[in-house]
Every structure is written in C-alpha cells, then in structure tokens.
Amino acid sequence: MARKPFHFFRSAAPPDPTPPAEEEDNYLEDYFFDEPGAMPGTLSIEADAPPPTIILIDYQPDQATRRILETPEECGPYLSSPSVSWIDVQGIGDEDVMRRLGQVFHLHPIVLEDIVNVPQRPKVEDHDDYMVLITRMVTPKENEHGFYTEQVSFVLGQHFLLTVQEEPERDCFDMVRQRIRTSRGIIRRYGPDYLAYALLDAIIDGFYPVLEDYGERIEELEDAVVTRPSRAILEEVHQVRRELLALRRAIWPQRDAINAMIRDPSPLLSEEVRIYLRDCYDHAIQVLDMVETYRELAASLMDVYLSSVGNKMNEIMKILTIISTIFIPLTFIVGIYGMNFDPDTSPWNMPELEWYWGYPACWAVMLTVAGSLFFFFWRKGWFKSTTSLDPLETER
Amino acid sequence: MARKPFHFFRSAAPPDPTPPAEEEDNYLEDYFFDEPGAMPGTLSIEADAPPPTIILIDYQPDQATRRILETPEECGPYLSSPSVSWIDVQGIGDEDVMRRLGQVFHLHPIVLEDIVNVPQRPKVEDHDDYMVLITRMVTPKENEHGFYTEQVSFVLGQHFLLTVQEEPERDCFDMVRQRIRTSRGIIRRYGPDYLAYALLDAIIDGFYPVLEDYGERIEELEDAVVTRPSRAILEEVHQVRRELLALRRAIWPQRDAINAMIRDPSPLLSEEVRIYLRDCYDHAIQVLDMVETYRELAASLMDVYLSSVGNKMNEIMKILTIISTIFIPLTFIVGIYGMNFDPDTSPWNMPELEWYWGYPACWAVMLTVAGSLFFFFWRKGWFKSTTSLDPLETER
Amino acid sequence: MARKPFHFFRSAAPPDPTPPAEEEDNYLEDYFFDEPGAMPGTLSIEADAPPPTIILIDYQPDQATRRILETPEECGPYLSSPSVSWIDVQGIGDEDVMRRLGQVFHLHPIVLEDIVNVPQRPKVEDHDDYMVLITRMVTPKENEHGFYTEQVSFVLGQHFLLTVQEEPERDCFDMVRQRIRTSRGIIRRYGPDYLAYALLDAIIDGFYPVLEDYGERIEELEDAVVTRPSRAILEEVHQVRRELLALRRAIWPQRDAINAMIRDPSPLLSEEVRIYLRDCYDHAIQVLDMVETYRELAASLMDVYLSSVGNKMNEIMKILTIISTIFIPLTFIVGIYGMNFDPDTSPWNMPELEWYWGYPACWAVMLTVAGSLFFFFWRKGWFKSTTSLDPLETER
Amino acid sequence: MARKPFHFFRSAAPPDPTPPAEEEDNYLEDYFFDEPGAMPGTLSIEADAPPPTIILIDYQPDQATRRILETPEECGPYLSSPSVSWIDVQGIGDEDVMRRLGQVFHLHPIVLEDIVNVPQRPKVEDHDDYMVLITRMVTPKENEHGFYTEQVSFVLGQHFLLTVQEEPERDCFDMVRQRIRTSRGIIRRYGPDYLAYALLDAIIDGFYPVLEDYGERIEELEDAVVTRPSRAILEEVHQVRRELLALRRAIWPQRDAINAMIRDPSPLLSEEVRIYLRDCYDHAIQVLDMVETYRELAASLMDVYLSSVGNKMNEIMKILTIISTIFIPLTFIVGIYGMNFDPDTSPWNMPELEWYWGYPACWAVMLTVAGSLFFFFWRKGWFKSTTSLDPLETER
Amino acid sequence: MARKPFHFFRSAAPPDPTPPAEEEDNYLEDYFFDEPGAMPGTLSIEADAPPPTIILIDYQPDQATRRILETPEECGPYLSSPSVSWIDVQGIGDEDVMRRLGQVFHLHPIVLEDIVNVPQRPKVEDHDDYMVLITRMVTPKENEHGFYTEQVSFVLGQHFLLTVQEEPERDCFDMVRQRIRTSRGIIRRYGPDYLAYALLDAIIDGFYPVLEDYGERIEELEDAVVTRPSRAILEEVHQVRRELLALRRAIWPQRDAINAMIRDPSPLLSEEVRIYLRDCYDHAIQVLDMVETYRELAASLMDVYLSSVGNKMNEIMKILTIISTIFIPLTFIVGIYGMNFDPDTSPWNMPELEWYWGYPACWAVMLTVAGSLFFFFWRKGWFKSTTSLDPLETER
C-alpha cells in the first residue's frame, strides 16, 4: 500500500537519497498523512527506519531488573504482575514487530497507527483499559545550532507503561533510568502513572536547553542586524523564526494534552500524580511563554533589520553626496577655463586667462566654494557617524 | 430566473467564454449567491456544467454490486433495503435530474439548493431523516502548481449515502471504492455512516498532497527572495499567500462541521464511527495547523523580500559610490591642468605646466587620492559582498 | 433641539451645501449621535431628507392588494386583521408623519428614535408586542465603483410587518414584491415572519454584487501594484481598504442580530421561519468571510506595493549606475589628454600626445575599460529586467 | 505621606511648574498610583487642584430647587428625603472637604480614594447601600485639535446621586440640568437611577464630537500623506494614533462597566432604567466601533506614508537619472575632442579635428545619443508623473 | 546533581564570572529549568547567591517586636501563637538553611523547589494548611534606565506569613514595615492575610515608577526618531520593546494569580481582605493596561523610525539631485568650447570661439539653463525643508 511520510521542507529533487541532509531538517517535517482514501489502521514504515529494540525495566519498591527482550510476546507475563513494568521500544522500523506489539497490548488499530505513522500531532486519548499519550521530544544538536525532534508515544496501563520512541539514538530519559536503578527519590514507591509523569516531565524540561540556544542566537543577531546587516544575517533571522514556529507547533498541543490529563479524571492517574502533573503543566506554559517571547523578538528583529538597511543606505548616500556636490561645481569651474574662446578676437573673450592673478584667483574661488559646501554638510551633522552607538555623538 | 455563480477573480471582460482559464482559477471562486430577493430553493445551473452520471454501489458483508443508473428513480428500491447503498452522482448539470433526485430522496428545497448552487460554505445540518454534509474537495494539478477544488455534498440516511460531486472528472475516492470491491478492512461490515466517514477522511487526507506542494514552493521562494528578488518572485509570493488563504477558507469550516458531528449526537452516526471521526478531526486540525504555518512563513517571506530589495539597492549604490567618488576628484584634477591660463602673462599662472616633473607629479597626486579613497572603502568593508552567504566573510 | 447627523468623512468646509458629494460618500458616514445630554426619544430629521411614502401590501393565500396610503392612520384597520400587512415606509423626512406612525404602531420612543435618527448600528430587540430589527442595506452604484448604503428598520408584529427605508430611490425588494404579486413560491401561505425573512435575505444577498465588484477591483490592483506602482494606485488601494472596513462594519452586527433571532426563541418567529433564517445566517457568514478575505488581500497589496516601489527604484538606480560607472572613468581618461602640460619643457610631460599611435591607443584603453565594466554588469545580471514576469528570464 | 500623580508623558525636566502645558497633555496622563507600600485609603490631592464647589439640585415631579452648599454636612437632610437629590461636587482640591463628604455619605475609604486619587480606570462597584461608578468624560478643545479629559465619579444611593468632577470648568451636563429645570421629558418623574443614566448617557454621547474631529483630521491626513509626505505629517499621524489609543483606553472599560450594570441586577437600578441603559450600551459600542475604525485607518495611513516616501524618492531619482545619463555621455564626447593629441605627429592623431564637417558631425553624434536616451526614457514612461491622480495618465 | 539557572540573554562566553554584567541584565533572565529527567524537589542554588537573613516581625494590635533569627528553627514557637508572625527571609543562598526552613514550615518539596529555584512563573497554589504565592518584584535602577527584578515567594498560614526574597539588597516593603511599627492604619488589627495583601499591593504598586520611566523614555524617543534617526536610537527602541516584553511577562501571570485568589474562596483569606484584593486586582489591570499601551507606542515608533529614515534619504537625494542636475549640463557646455576643432580648416568648426560676444553669450546660456533648473526645483517645493515641523511651511 503506497504511503509516504510528508516532509515539511524536503529537498526539491524528489528521489534524493541523502539521509544526512534529511536528518538535519527533520524537525521541520510535517505531519504524516495517508494516501487519500486509504484504510484506517494501515502501518507505514520508512525503509531506513531503525529496527526496534525492546527494553524492559521492571521494578517494585525493593528491587528493579532490566532486560532486553527479543520478541514482543515476552512482555506478556509482566503486564498483569503487580510490579511496575516499563517497556521501552526504541525504533519503529519493523512492521511485524509493531503489529505483534499491538496484539500483546491489545491496542486499537488506530492507536497503533498513531504510534507508528510518525509524526502525529501530540494529544492524549483515554481508552477503556489504557491511556495513550502522543508527545514530541526535542534534543539539542551537539556541535551546531538547531535540534533533533522525534515522537515518543506512551501507553499507560494498570501495571505497565509502554513507551515507543521513533529514534533509538538519543533520548532524555537517562536521569529517570538512574533514579529507578539507584532508587533515588520516591519513584519506586509509585505506580506506572508516576513513571509516565517523570518521563513526560523530562520531555518538557528537554525544551529548555534548546530554547536557551535560541536565546543566545537572538542575542547575537540583535547585534548583527544593526552593525552589519547582510544577506547571511537576513537568512539567519528567517531561519530562527521558522524553527521557533516549529517549536511552537510542538509544545502547544502538548500543553493542551497535559491540561486534559489534569482536568479529566481517569482511574489510571492517581490524585498524587495529578499534583505533580500540575507542576509539569506549569513548565509547559513556561516553555510556551518563552517560545512566544522569542518569536516576538525575532519578528521585531526583522523590523530592525529593515531599518538598519535604510541607515546603511543613508551612510552610503551621504558619502556619494558629499564627494559629488563638492567636486561637481569645482569641475565646472575648471571646465570654464579650459574653453578655447579666442582672447585675441575680443576683449570680452576670457580676459581672465591673461590676468596676472588669474590662476590664484581661480583657486581662491574654488576653495571658497568647497569650504562653503563643507561647512554646510558639517552644519547638517553629516560628518558624525549615524552608526555610532554613543547617543551623545549623534546629538545635533 | 436570473442567477449567476460568483467567481472570485473572474476575468475583467465579462462574457469571456474561455473555460480553460476559468477552470484554472476556480479554486478562488467565491460563494454562490442568489439575485437579491430571489425565492429560496431556486436551482441555478451553469450552461457548461457536465450532466450527472449516477453510479450505485450496493454492498453488504458478503457481496457488492455496482450499477450505472439511467434515472434517479431507479434508486428508489435500494433506499430502504437493509444493504448499504452508495449513490454517487458525478456532475450537477441537469436541473431536471437534480429535481427528480431531490424528490426520490425527499430533500428539503433548501438542501437541494445547497447541493446544486455551488460553491457553498462547508457545513453539517441534521434533518430528521437524514444528515446533510457540505464539503470541499481539493486535488492537486498534475503538471503545474495549484489545485482544483469542487464541492462534494453528502446526504446520509438510514440505509443509504448519497454523494453529489460538482465535477465528474476527478475525485479521491478510488481507494475507498477498491476497499469495498475487494472487501479490504472492515468497510463492508459497517453501515453507511462508516462509508461517509471513509469518504470524508479521504477528502481531508486529500489536502496533504496539495499542502506538500506549497511546502516545496515556499522553500524554493525562501531561496529566491534573498538571492534574486524580482517582480516575478514578488508575484509568486503574493500568489502563494492568496492560494493559502483559499485553502484556509476551505478547511476551516470543515473542521467545525466535523466537530459538530462528534459533539452533537445523531442517531444516524454510531458510536464506533464517532471514534473514527475523532481521528478525522485530528487530521483536519493538522491540515489547518499546516495551512497556518505556511501562511505565517509566506507572510514572513514578504518581509524578507523587502529587506532583500533594500540589500540589493545597497549593493548597487556601493558600486556607484565607489566609482563616482574615486573618479570625480581625479577628473577635477585633470580638469585643472586643462585650463588655459596663459603662463606667459604671469609667473603665477599655472607654472606647473612647464615644470620638468609636472606631469608625473600630477599622476602621483592622482594615484594618492585614488588609493586613499580605495583604502577608505576597504576599511568600511565595502568590497566584501553583503550578499555572500558565508557569515565569516561579512564580519568586519 | 439641536441635533445633527454625524458624517464619517464630511468635507472639511462645514457648511458645504452640495448634497451630491455627500451622497457619494454616505457609505462612510458614521453613527448618528445626539448632542450630549439631550433627551432620549428626540427625533432629528435632516432638512433635505425625502418625505415618506407609505405603501401597503396586504395579502393572504388567495389574494393580494397594494395601496399607497396618505396618512399613517390608514394603517390602523390592517394591523389586527388576520391577513399579512406589509407597510413599507420609503423615506423618513417628515417628523410629524413619523411620530404619528409611532403612535399607530405603539412604538416605544427609543425605538422610534432608532428608526428615524439614522444611521444606527444593526441590532435586534425583542419588545413585548413586536420585534425590532435595524439593518443596513447596500446597493452597488451603477456607473462607477462603490456602493450606496441606507438603513432599513423592521418592526414585526403578529399580523403586520412595518419596514422603514431611509431613502426611497432604490431598494432590493423588487423580487419579493413580485413573488407576492404572482404568488410564486410559498410566500403567500406564510405569515409576516416569513416576509421579514424574505426581505432580510434580500438585504444580505444584496451584499454579494457589491463584493463582486471589489473582487474585480482587487484583481485589477494586483496587476497594477506590480507593473506600475504610482500615487493613483496607492490611493486606490487605500480607498478599497477603507470601503471594505465600512462593509465589515455593516455586516458584522447584522450577523450577530440574525444569530440572536435564531438562538433566542420569540413567539413572533415560527419554527419553520427559523429554519430559513439559518440559511440566511449562513449567507451572512459567507459575506463576512468574503469581506475578511478581501481585507487580507488588500492589506497584502500594500506590502506588494511597497516592494514594487523598491524594485522600481532598483531599476532606476541600475540604469544610473551603469551609465555613470561606464562613462565616468572614460571622461577621466579623455580629461588627462586635455591637460596642457608642455611637452617641450620635459620629455616626461605627456609624451603620449606626440606618439604616432597615441590617439588610437587611447581609444583602445577606453574601449577596454568600458568593455570590462559592461562585462561586469552583465555577469551581475543587471541587463535582465527584474520586472519581467518570466521567472526563467530572471534566473542568474 | 509622599504620593504623586503619574502623568503619561510629563515633560522630561521633573520639577517643571508650568501647569498650562500639563493641562494640554492631560488626556494622556496615566493612572494614579500610590508610593509602593502606602496605606490604602490615603488621599492625594495636587497642590493646584481647584477647590470643590458643591451644588445641590433637589427635585420631585412638581418642583425643583438648586442650591450651592457651603459645607458637605448640609447635604445630610436631603439624603433620606424621598425627593431626588443630585449633589454635584465640582473640583476635588480640598482634602478636608472630601473627607467630610465621605463621612456624610458613609463611603468606604477605598471608594473615597478612587474618587479623589484621579485618574482611575472606569469601573462599577456594587456596595450594599450605594453603587459606585467611575467614568471618564471627554470634551473637545475649542480652538485646536485634541480633547480634555477628566474623571467623573458617581455614587448612586436610594434617594440621592452624588457626582464628583475632577475639573469644575467644563462638563457636558448642561442639557440634563435644563431638562430638570424645565421638566422636559420624563426625568422628574423617575428616581436618581434615571438621573444617573441621563448623565452617563451624556458622557458617552460626549465622545462623538471628539471622534468627529478625528474623522476630519484623518481625512485631511489621507490627502497629505500622499501628496506631501513630510516630517510634520509623520508626527501628526503618530500623534493621532497616540490620542486614539488614549480614547480607546477611556471607552473600553466604560463599556464593560455599563454591561455589568445591565447584567448584574442591583436593587438600586429599576427595570425601566435598565432598558434605557441598553441604549446607552449600544452607544458605547458604537463609540468603540468608531475608535477601532479610526485606529485601523490611522495604522494604514502609516503604510501609505511609507509608500509615498518611496514614490517621492523614485521621482527624485528619475530626475537625477534622466539628467545624468543624458549628459554624462555627451560630456565624454566633448571631452574627447578636448584632448591635445598632436595631429601633426601622426595622421592617426585626431584627424577629425581638422575635418571640414568635424564640428557639425560631432553635434550630430551628440544629438543622436541624447535623442536615443530621451526616447528610451519616454518609452519607459518616466515622463508621466507617477504622482498624478488620473489613473489613465499613468497607464503604460 | 547538575542543574543550572537559565539566563535569558547570558553573555556568549559561557563561564563568564562577571556578576555585575549579569546583574544588569537579570530582568531578562528566563525561567529556571531542571536538567531533563531530574528528580522533582531538587534544590539548585547559585554559588554567588547571598546567604539568607531571617527577620521576624511579630505583632498584635497593641505591640510589635522585630528580631533577627539565627536559625530557621527559632521560628517554631511563633507559628502557632495567635499573634501575627511575619518571617521575612532575605536571600536564598544556603541550601541547608532553606531545607530546614521547609521542614519548620512543613512545605511540600515541590513548593520548596518553586521558592528556591528562581525564577518561576508567578502563580498561586492552595495547599491544605497554607497558600503559596509566587510573585515577581521590580524596582527601578537608581542612576540609569531599566529595573531590577527578583522573585518574592509568599507562604500564608493561619497565624504566620513567610516571605522569601531572592535578593536581600532592596525591596519595596519599607512603608509596610513602618506601618506595622507605628501602628498606622488598620494593619495591626488584621491577620496575616491582610499583611500578605499589603505586601502584594506594594509589589504591584512597585511597577508604576518603573513604567513611569518607560513613559519618559518613549516620549524622548518619539522626538528622536523623527529628528535624528540613528543606529543608537534604533537600538534604544528595540531595547525598550524588549524590556516591556519582560515587564509584561512579569505582570500578566500575577494578574491571573490575584484573580484566582479573589475567585476561589480559601479559608485563609477573610472576606474583608478579599475586598482589598479587588483593589489590588484593579491596579494589576491598570499596570497591564499601561504596559500594553507602551508596547503599542513602541511598536508604532519602529514604523515612524523607518519612515524617518526614508525622509532623511529623500533630503540627501534632493541635495545631490539639485547640485548634480544643475552643474552637469553646465559642465557639458563648457566642455563643448574646450574642444580643439580647428577653426582654420573650416568655417563650420566652432566659429563661436572667435565671435566677439562668444564668451559672454556662453555665460548667458549657462545662466539661463541653471536658472531654469533652479526655478523647476523651486516649483517642486524642494527648497522647503521636509523636516520642518511647521505644517504651513510644507504646504505646496
């Protein structure tokens, strides 16, 4: 069945098989879509998607074990045991495994589709036996600007939590794993709902380092747009705006989802965890708040850029005008005395050329003209740089 | 009775009979309107509208038949039979047929008017015996940018689904027809409400390929506005904004209509189908989300364009200023020594002309002036291209 | 008691008695206002307002009569008769007649004030015995752009409908009158509420032809702003924005009023008419939708205009720069050999002047310089017109 | 206790004691604020505030008396008498009087603070025995643009209405006073709630003449920004925007307050007065509607201004370019024949100088060049003025 | 455990240990965030945070004492005594002290985290035994523009109020302390809820002086952008916009928090205090109102700036055009008579050179040309300064 993921800004040449480039831009990819009319529940997996690794972490207050499972069916016994079982599936690149996983967990075909056909819009859905939460995780790139993004799906049951990550390479759950292993804090004493909160909180907190990077980039750009407006800076500003738009699209529905979890009581979420979720909701609002602030700053940067270009043009025009208007009259004067009217045929024909002080007088006139114009421009304040940052210097 | 469809941007010459041009622009056509004061229920059919073809697909879990009906009255027996009957009317170009169709299905005159007098704003209306759903279907053009748009009206009854398509040429229902024929999935086991969902889902999913094309166009324009801002690019950006506005007007009311179907319980929609509709609603929100994102990007492109034009002008001005300010003083100097003051009448009259090193000294002065100005511009960084994309190169 | 209507853009000279000019601008006039502190219920009639004509159309399913009444009191007998009586008052220019009309219909003083002191904001008010509806009717001008606007007030009672039109010259009710006369459709079988619906529907539908005209004007302007940005085009764009703003102010409160009629049940409106009003409400939303779309397009036109002016300036600058930078160096060169250094006093003084190939060599140098600069500009793509519409031509 | 009123745009030099200037700008003054941490209920009166005059108007259906009271205590007997007592305090410049007034009317300290520490944001507060309404009254300036603004506080009790005006000089209540004196209309037959309505209505209606003035200014500016964009016009547009912002801040909360009075039933407001208040609410919405319209027009004017400046620059550049590009090549040509190559040393050295038709041929070449360029510019349409208002003239 | 505060615009070099610079920018610092996945309840204290000083003020109607406590545990006895105990903790720089404080007051770990890990978004949270209020206090800088900001956390119990200030140096509570000490007003007669109100009111009122400063800066900038648009002014405008954005982020959630306190009844807040809180809420709305007004003005300033730059450029271009277009034709004329056509070889070769009135005639031609151009520019009004503020002067 023909399906394809929809990339927001995929390269213009359609069959471009360079995955690194695609990798780099994938935080701008847009939502997955089916071929119109396709059957609901169809799974669509990209050829190069990494195959899934299934990691089980099973814990109760006094012990915790970690196993890598070979087949989804091995999860079965853990699902109904009273201990908390966290099944973490990293990678979605095997349709057969994903289907069997759906059967083990009794997932509705549409739910399985939401998990596998990435990216989906973040949301929460309350089914009878389990709650499904689609989230979007961002992680900053190491050596350059920008961020990676991937979908993390949660299926929360009575005694288990299933998480499915789109990419196996990186996540921001290491600290939670450590807390389980070392039994730090209260995590082992609570059920899978607390675990889901802890992971969700880690995802929301993961937006902060990414945003911090944008704060720095905007600060640098604020200098740059005023001092050296150029095509590269212009593209950078536009790029920042585009990426912040993508971030906003990632966090906005997540905030709504968390709010729905707090507001609509579900038997799967205990009262205590709901208190913690309020904290998580506060963080989501803070993130959104920062994104909006940065977006306003970036939009205002474009205004500043435009004004800077105008200033720069004024500077250039001033130089041209000063030089031109001083020398053009002088050139006219020297042109006069380059005329070949014959002084011999008439006393009116350029007698100046034969005066004793003719040449010095000509210079005197020219210096007077140049000086007057110079004084005129000085009075208009054109010799004070308008690009100086010292406000006193630009006072008239 | 005088009526006419209202085209958003019809060509200025009113009786222009060139259908291809009209065809090309019809996704911008605006809502149909009656002559003020006309009777409600009047049907208005364009002369060149294609005549309707009536295709019946009747199915139940174990069998499915397909017939092309000659007259609307042939539908009659199927309407009350327990099997699901899908009557697909392709084209609306025959008032008589449409009226008889209305009688067969017992449609209210205002409902028939909404179906025939296209385009109408998408909406859902719950009548006693049937539910009416007006939708807008978009299909991408094959070899050029843009999209076709047409109205598809649904009338959902107890045992039947009537769909009326404005244009017979193309639709995005082929996959659904195939699913019925091959009995893929669960479609044959459900009633006409599931069929309506499946078709509606196909319509919503049909927006994605169109949007994908806009994503690519915007990406191309992002390059173009910075590197070569021109009148053609400007018109292209404006065109994209205009078309996205049209898309938004098509999807926005459809989202509201689906939401109304989920929210307001109707006996014609089963609980299970309502769950599927939630998925369809998610897709509608995703589409709207993408349209809004593209609209923001396109609006921001206009800012970038304006800034680019300013940059370009700066480049031009720099060249003019460099050349002018270097050569104008030099021209003045050579003008001086073109003056005809008579050296013979006075020792003060241009004695330089007769000096031994006069001419080389003149050159030395000129080269010094040119070099100083050259150095001045180099210090100001004017020889580094501001249109370079390498940020390092534009550092001062 | 001193009162005066408030015109939005009245001419600067206050006592300007030219009614045609005022007529032309009256769709921009703003709401009527009393002198602060004036008594509620005071009527204020302009001196040149046309005197009212009272036309009665009385009908029941099997007959319809039309009479022109001399005095308001003649209405009396019709008001309580079971037949439907439509009293259409055209013109409000006689305070005495209006007051007597108010007495005949038992109107509250504030209601009469709303009817007479035009313009008022459209609204609906439910009194005990009657319902008052203030609407705004627009009609396109015949031979020029723009539209006329006037207030139409409805008073709907048990057996009658009173309509008061501000201007007698034109309205869009002719089709409704014809339907009553010829008994087309169902109008004669329904009560005055259906008549009110039919007239209201005619008013809403009357916005479409006006909007159609704006669609065409915007389309023409889209071409014009790119190809020939000028002061006239700029004013035209601003004018269109201003008029669309006026249209929006007219339709927005009307949509609210119709919504209130649908939502709040009144015994004066039958259930069936409420179904028809839903259709009318759909049209009002469509009109608003179109107005908003046109407003966005017009606002975006201003951006395009600004960018076009920048492009135009670039074109002009390019021509200046090409000509200047090619000829200025050449002029410098010819200036050199116009210098009068005396070749006789020194072998260093301009020996070129006496070379055998001096003059041809000079030309060779000049042609080389000009050719190089020409090549430089050709490489920068300056000879390709940036105002060409063919995108291929503007590729670098 | 240190307190000070906070002026929006007070002059930069802090201890500037020039009250007239302050007076002129006071419609932009911002809300009053206490020193942080100061005790609630502290009164802060400016040194130059005018001392209060207390005017009592006591009326019942058949009689009305007017007295100027010396002390607040004289109000006492009137407060509980069944006749309607309107105590109008003009000016708030005496802390002692204001405190005693508060005691006579049993006002809560915070209420008294709201009345005295002007300006406050308009609002309505329902206390047990009385209702407090803070409003803002605007009055147009006589001989110049702009408006005065002052706070008017209402305290409505069972049998009395207390109004406190910030400034005694002007108000818009004269017509109401006259209606009481002459017993015009129904005012004497109603209670203090109707009086409060009448005064509030006068305040709202008082916004119309001010807005009318802005309508005229905007109309004038619409011409000016296109025909002669200048610094003075730019400041005027900005000033209008700033003042409309101030107007909006004044009317917006007042609309909310009136709405609250209509919505929340209070025993102090009779049903009948509430009907009148609905009319008053309509007017407040109309005023807000006009303010928003003017704000949109003024914002759009700034766009027009920017475009006009660009047009103007294009005009200037065209003149420069036409003159420069025509004469620069000619100057080059005449420069050629000013060169001093010696025709005697070589037949190749400028033989043209000695041709018989040399000089006329030179002129012929120059005229050809000039004519070609002239034709080129004429073809580009540069000689048609782009600032002409006749659209036909600017057609290419 | 690795944690770090997140500064909005921290300097680009990460380990920059210069606290004064950081101090200066700290009102733009963004919300605190944990390392993703970190345990909730972890405290993170900056190395250079000032150690806490604990000041106890214990009062009842007839007496008040003030003590500086050495350890948090000393608070214990006061908490349950009926007198009001205000424990003011200034500085949060000691994790051990803060933890012990949390134990003494029985604070939930997440509450303690909100208090210590600054900055947090302002909010109110109702726990069983106490109410937590996170606020943001701003104080104007003494000798420069801008403001300091710090978090103040309130914990309100039955008999105590705990406030924790981020910075010990400055606050705006001195007046409240004085009122307690001198028993001014009613503060000693009320409980800790009134104290909390008084402090919160002081914090809200503390925004006014800061805003007053922005009002003055915007007023100064309004002049500056028109008369001397420069890079420094541009940066100043952008800076003001950025800081107002920060102010808005500080006051917006505080308004919501106060509203929640008024709306949701808590046993810890008495009815009377809730009336006072309504006043405080009014002030918060006023502050927000002013911030929004200033933001609109500052945004509009950017438009004005852009227009001013355009005006300035027009001025420069006019000077260049006047000088160039007058002198370029003259230079051409004098160039003509500098040509060396030999008058001897032909009567057509420049006979003018030997005319008797040749030279004076040449001057006459040149003066005529210059005069005509001068008159042309004078007619276009170019000699009137467009930067003049007198509108009459710029009339054509």
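Letters A, B, C, D and E mark the chains as written, and numbering starts fresh at 1 in each.
Throughout what follows, contacts are C-beta pairs under 8 Å (C-beta built on N, C-alpha and C of every residue); 3 or more make two chains touch, one makes a residue touch a chain.
As the structure is a computational prediction, the values presented were derived from the model and not from experiment.
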Overlap of the chain C and chain D neighbour lists contains none
State, to the nearest whole Å, the distance from the C-alpha centre of chain A to the C-alpha centre of chain C.
41
Return the distance between the CA-based centres of chain D and chain E, expressed in whole Å.
25
For chain A, write out the residues touching at least two other chains, lowest number first.
227, 306, 310, 313, 317, 320, 324, 328, 331, 335, 338-340, 350
Considering only which chains touch which, label the overall pattern as line, ring, star, complete or other.
ring
Residues of chain E defined as touching chain A within the complex:
6-10, 12, 30-31, 33-41, 110, 120-121, 123, 125, 227-236, 238, 241-242, 245, 249, 299, 302, 305-306, 309-310, 312-313, 316-317, 319-320, 323-324, 327-328, 330-331, 334-335, 337-340, 350, 352-360, 362
State the interface residues of chain A toward chain E in the complex, per the touch definition above.
172-176, 179, 184-185, 187, 198-199, 201-203, 205-206, 208-209, 211-212, 215-216, 219-220, 222, 226-227, 275-276, 278-279, 282-283, 285-286, 289-290, 293, 296-297, 300, 303-304, 306-308, 310-311, 313-314, 317-318, 320-321, 324-325, 328-329, 331-332, 335-336, 338-342, 345-346, 348-350, 381, 386-391, 394-396
